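Each structure below appears as C-alpha cells.
Below, chain A partners chain B and then partners chain C, in two separate complexes.
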Partner chain A sequence: MHEKPLTISFPPHSFLEYMEPRLKIVALLWWVILVVSVSTGDPHQLGYFGLSAGLLLLLNHRLLGKFLMRWLPSVLMILPLCIFLLFLQQGRTLVQFGPFTITEQGWTIALHLFSTALLCMAGVALCWASSSEADLLCALQGLGMPRPLVAVFGFMLRYLHVLRPELHRLSDARLARQIGHHTPGALRIPAQLIGALFLRSHQRAEHVAEAMAARGHDGQWRNLIHYHWHGRDLLALLLFFSITLIIRWI
Partner chain B sequence: MSTAFTVYQLAMHAPDGMFSLPINLIFGLVVLAAVAWAWRRLQLKQQPQLASMMGIMAAFIFAAQMVNFPISSGTTGHLLGGTMGAILLGPWAGTIVMVMVVMFQALLGDGGLTVLGPNIFNMGLIGTCFAYFVYRLIVGQSASTGRLLTAAFFASWLAVVLASIFASLQLAVSGTASLDKALPAMVGVHLFIGVGEALITTAVIAFILRTRPELLYRPTGNPLYSTRPFVALGLGGALAVSFFLSLLPTLWDYPDGLEYVGMQSGFIQEEAEYDDAKLSAWPCYPLGVRLVSEADDVIVAHRYDNYSTPLVEGDRLLQINGIVIQTLQQIADLNLSSNQNIVSWQRGSTTMDAKLGGLLPPTAGGQGPLLALLPDYSVPGVQGWLSTSLAGVIGTVVMFIVSLFVGRLMARPSAVQLALAQLNYDANTDSLPPH
Partner chain C sequence: MSTAPIDHSPPALRLEELYFTYPDGVQALRGVDLTIHKGERVALIGANGSGKSTLLKQLNGLLRSPHGRVVVGGLELSTSSLTEIRRQVGFVFQDANDQLFCPTVAEDVAFGPLHLGLPMREVLQRVRCALEQVGLSEFSHRVPQRLSAGEKSLAALATVLACQPEILVLDEPTATLDPYHRRRMIDLLRSIPVTQLIATHDLDLAWELCPRVVILRQGRIVQDNSASLLLSNAELLKQYQLELPLQLQGLASSPISDPVT
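On to the complex of A and B.
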C-alpha cells in the first residue's frame, strides 16, 4: 500500500487499487498456481474459487467495467479451444455428430480446462483492472526482474499504443488504394503492410534511441516510487494465502 | 470461429491448465536458459540503446500479429513472427522480443501464465532459435536474394509445423488429448497455416530487401565454420530425420484423415486385417468392433479405435438393447445401424455397459486413384518400411524444391520495379541508357 500510487484513478475507487502492485502480482501468481493445481475430478473446488473471485469483485464493484473489458475477450478465446478439446479424447461416447464424437473423458477435461482458464484469467483481469501499466512495470522491477528487460517491456507497452494506430492508418490507406479483390495477390497486401510497418517502426526506434541517448538514458527503467513492504501489506498477503489455502484443501 | 483458427490457438496460445506441471516446468526452464543465453550474447547492459530498439520492435511484432491473412474460404490466420523476428533482428534480440510479446499476450488473456514456458517455446524459441539456425544453414555465406528468400520460406514453414508437433506432444504427455487425435488435427492444419506464414514472412523479407536491405540482420565477424559441411550436415540430417519420422505413423493402426472420411463415405474399402474367413463374414460396424463366436459366446476379435468404442479385444458381449446375445446371428437380426444401442459386456470379471452410437458399415468396392505418385505413402516397387521411409524423404526433398522455387520467384524483380529502376537510371545519368 504505497503513498503515491500511479493507479489509473486517483483517489482509488476500491481497496484493490490501494494495494501495492507487487503484492497483487505475488497474490495473482499464488491464485493461478492454486487454481491450476485443482484436479480434474473436483469441480466443487473450482466452484469455491469462483465464488471467492465473485466476492472479491463484488467488494470492488467499481472495477466491474474494467474487469469485464479484460475478462470477456479471454472467454471468447478459451471457449472455442475447449469445444475443440471435446473431440480429442477417446473413451465412452456421450454425443455423436456424424464422424465427430464427444466422449465422457473429453467433456470432463474440456469443462475443467474452461473453468480453470476462466478463473486464472479472472485473476489477471482483476490485477490489470486495478493497476496501471506503469504500476505493474515498477512492481515487476521491484520483484527482481532485470531492469533492461523491464525497460524493453516498458518501451513495448508505450509504443504499442503508437504502432497500432499506425498499422490501422497504413491499412486504411491500402484499402483506399485497392480496387476490387485480387485473390492471387491476397497475401502480398498484409506482407507489404507488415514490411512498411517494420520500416516505420525501425525508423522510430532509431529516433527514440538517439533521443534517449541524448538525454543520458542508460537503458535502465527508473521510477520515483520505492516500494517497501509494510506490516499491513504482509498481513493482507497472509490473509489472502490463508483464505485460498482453506478453499483449496476444504 | 473456424476449426483452423481454433487449432492454431490451441497450439500457440494455450490457456492455464492445458499442460501438466512437469511440462510447464521443463519448458519453463528451457525458456529461462534461452533467455539467459540471449541476454549474455546481447550484452544489454553495455548497449543501453538496445532496450528502446527492442521494445519498439516487440511492439512491431505484436502489431504485425494483428494482421490477418486468408487460409481458406472464411478462415484467416495471423503471423507467428518468431522466424521473421529472428531474421530481421537476429536470434538473440528476436528471442527476447518474442518472450516479451508472448508474456504480454498472456497478461491480455491470450494464453495462460502457468503455461508461459510451453507457449514461449512453441511460439518464440522454435522460430528464433531452431528455424533461424536452419535459415542460416541454407543461406550460408551466400548473398543471393533467391537463396535468402528460399531459406526464409522453408525456415518459417518449418517453425510453424514444428510448433504444432511440439504442442501435440505436450498435450499428449499432459493427458489433455490423445496423441493419435491431436497430432493429425494439429499438424494437418498447421501444414497449411505454415505455408501462409512462410509466404508472408518471405514477402516481408523481400519487401525489406527491396527497400532497405541494410536493415536486415547480418551476423558480424568471421564465420567460425565453413558453410558447406553444415549445409550437407543439415540437409543430410533433415533427410535422415524424415527417413525415420515417416515410420512413426506405421507404429499405430489408425487411418489418416482422408482414409477416415473415405471409410465413412464408402469410397475406400477397409483392408481386411484378419485372414480368418469367419471375421470378414461377420462385420459388425455399429459397435465399432468385429466379432466372432467362440464356444457359445460372442467375443470381440478386433477393435476399430477410430470409432471411439470402449469395447476392446477379448470382451465378451452380454446384451444389446436388453436382448441377451449368444450368437452372431442374433446381432444381425437386431439391425444395429440405428443410433443409441445400449450394450453390456464382460471384461475379465467386470461387467460394463454403455450407450454406443451407430455407424453405417462402409460399402464394398471402390477403385484405385487415377494418378498417385506415392500411393499410400509408399514408393511403387519397394516393399515394407523402406518404402514408407523413402516416401518421407521424397516428400522432404519436394518441399525443399518448392521452397527454392518460391524463393527464386519472389526474388525476381517485377515489371514495375524494372521500370522504376530504369527511371532512376534515367534521372541519374545525362545520357540515355543503352537499349
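On to the complex of A and C.
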C-alpha cells in the first residue's frame, strides 16, 4: 500500500517552494546587497529590479496571496517614514503646503528609500512565502548563523503566530459587547485592545515556550524535512545571480 | 500466607518538602510530599488556585523550586539532569493551543522525538505510531490551529506520546472536550501503560481512571487515599470545595460501578 509521506508539510505549488531553503536565503542576501547598492540617482535600475521581482512572482503566481500578506504590512510601515523624509531635505522647492515644503532632493531621497525598502521586503516576503518557518530557521542554522540569533528569529516568528489568534479573540470579545454604533469614547477602545493584546500574546508566547522546553527544546531548531542541494537548485541560483548582475551593471 | 514481591526499584516520582512562591509573592506550594510508584495512575484534585498546575510544572523543571526535592525514577531534578527528566516526564498542557505550534500536526508530533536526537527513521516511526494511537493518522498534514478542540487535545497527547515518556503528567485533559472526545480521551489514557498523574476537576474521570486520589488545598496535600474512599465521601469533598462525581450522585444514566482498581 502506498503510504502517505509525513515529511511534506504542504504540497509545493511553485518552483520556489521546491528550492532548497539555504539557497533561497543566499539568493535573498545577494538580492538585498544589489538593491541597496543602487545609487540614489538611478531610479531606472530599481525599476528593472522591480520588474524582475514581478516576473519571479508571476512564475510563482500561486504564492501571490501569501506574498501579499507578508509584503503589504511592510509597505504600511515604510510609508510613514518616507513621507516624513519628504519634508526634511533642503533644496529646490517642488510643492509647498503652508509651512511644509517638499523639495526635489527630499522627493528623490524618499522615493529611492521607499523603492529600495519595498524591493528588499519583496525579496524577504517571497522567501518567507515559499518556505515554512521551520525550514527557514533550519536553513539559517545550516548557514552558520549563531544559535542565539536563530532562536530570536524563531521566537519572533512564533510570536507572530500567537499574536493573530489573540487579536481575533480580543476583537470578538469586544464586538460581542459592542451594541449599536460607535460611542464618543470609541477611539479609546483600539488603544486598550493593543495593550491587552500585548499582554495576552506575551503570556501565550510564554506558555508556548514552556511547551517547547517540556519537549526538550534546547535552542537548536530541528526539522522533519531534510533538504539536500540538487543540481537544479544550483542552476536556478546561478541563473538568478546572472540576471540580477546584468540588471545591476547594465 | 503469600506476600507480594517487594519492589526494590525507586518510585517513579518522589517529591520531598516542595515549596514554591511566584515572583509576585503568591505561595503556591507549601511543603508537598508525594510518592508515586511505577504504573500507578493518580488523580490530583483540588479547587482553583490550590496549586495543581504549579505542582505539575515542577515535575519536569518548567518551574524550579529552591526548597525541596523532585526525584524522577531515582534521578534528582537539577540543571544537569533536566534533559533526561524531560525525556522521562511527558507533560500535556491544559490548553492544547499552547502545545501545538508547528505548521502541521506531523511536525508538532515530531518536535519532541527530533529534540531527543533520534534518527529520522525512528522519528517518523514514532510520529506514525503516536498519531495512530490517538486515532489521528489522517490528520498528519492538517494545520493544528484548524482542528476542533477535541482533535487538538488528542494531537497534544500524541506530541507527548511520541517521546515515549515513562511518566505522563496531564493538566485537565478533559476540560474543553465534548462527551465523545472526553470518552475517547479516557479510554486512551486507560490504554496507556505508564505512570500517570492527572490534575483534573472532572471527578468522574478520576473515579473511572484513578485508583488513588490526592487532594491539594492551598499548596498542601490534605488527603491522599484510594478513590473509592475519598470520592464517595460527600462531606469530605465539600470541605475542599469539591462535589461527588456525577456517577455517584445518581445523575448519570449509567449504573454506578466501582472505580478501576
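Methods note: the second predicted complex is superposed on the first by the 156 of 250 C-alpha atoms of A that agree within 3 Å, B and C clash if a C-alpha of one lies under 4 Å from a C-alpha of the other, contacts with A are read in each partner's own complex, and residues count from 1 in each chain.
In the analysis below, a residue touches a chain if its C-beta (ideal position, glycine included) is under 8 Å from a C-beta of that chain, and two chains touch if they have at least 3 such contacts.
What you see is a predicted model, and the numbers here were worked out from it, not measured in a lab.
Engineer: For A:Arg92, is the partner it touches chain B (first), chain C (second), both, or none of the two (neither)?
Structural biologist: After superposition on chain A, A:Arg92 lies in contact with chain B alone.
Engineer: Look at A:Arg204 in the shared chain and tell me whether it touches chain B only, chain C only, both, or neither; answer first, second, both or neither.
Structural biologist: Touch partners of A:Arg204: chain B and chain C.
Engineer: Output check: A:Val36 vs chain B and chain C. Expected answer is one of first, second, both, neither. What do you get?
Structural biologist: Only chain B is touched by A:Val36; chain C is not.
Engineer: In the overlay, answer first, second, both or neither for which of chain B and chain C A:Ser132 touches.
Structural biologist: The answer is second: A:Ser132 touches chain C but not chain B.
Engineer: Per the contact definition in the header, classify A:Ile109: touching chain B only (first), chain C only (second), both, or neither.
Structural biologist: After superposing on A, A:Ile109 lies in contact with chain B but is clear of chain C.
Engineer: What is the contact status of A:Asp218 with respect to chain B (first) and chain C (second): first, second, both, or neither?
Structural biologist: A:Asp218: touches chain B and chain C.
Engineer: Answer with first, second, both or neither: which of chain B and chain C does A:Ala151 touch in the superposed model?
Structural biologist: first
Engineer: Which of the two, chain B or chain C, is in touch with more residues of chain A?
Structural biologist: B
Engineer: From the superposed pair, tell me which chain A residues show up as contacts to chain B and also as contacts to chain C.
Structural biologist: The overlap between the chain B and chain C interfaces on chain A comprises residues 158, 204, 208, 210, 212-213, 217-218.
Engineer: Residues of chain B touching chain A in their complex?
Structural biologist: 1, 3, 5-7, 9-10, 13-18, 39, 44-45, 47-60, 62-64, 66-70, 79, 88, 96-97, 100-101, 103-104, 106-110, 112-114, 171, 176-178, 181-182, 185, 196, 199-200, 202-204, 206-208, 211-212, 215, 260-261, 264, 305, 308-310, 339, 354-357
Engineer: State the interface residues of chain C toward chain A in the complex, per the touch definition above.
Structural biologist: Within the complex, chain C contacts chain A at residues 57, 60, 62, 83, 86-87, 91, 93, 95, 97-99, 101-104, 106-107, 110-112, 114-116, 120, 123-124, 127-128, 140-141, 145, 159-160, 163.
Engineer: Sort out for me which residues of chain A touch chain B in the complex.
Structural biologist: 28-29, 32-33, 35-36, 70-71, 73-74, 77-81, 83-85, 87-93, 96, 98-99, 101, 103, 109, 112-113, 116-117, 120-121, 124-125, 128, 146, 148-149, 151-160, 162-164, 166-167, 171, 186-188, 190-199, 201-202, 204-206, 208-210, 212-213, 217-220
Engineer: Could you pull out which chain A residues touch chain C in their complex?
Structural biologist: Against chain C, chain A makes touches at 4, 6-10, 132-134, 158, 161, 165, 204, 207-208, 210-218, 222-224, 226.
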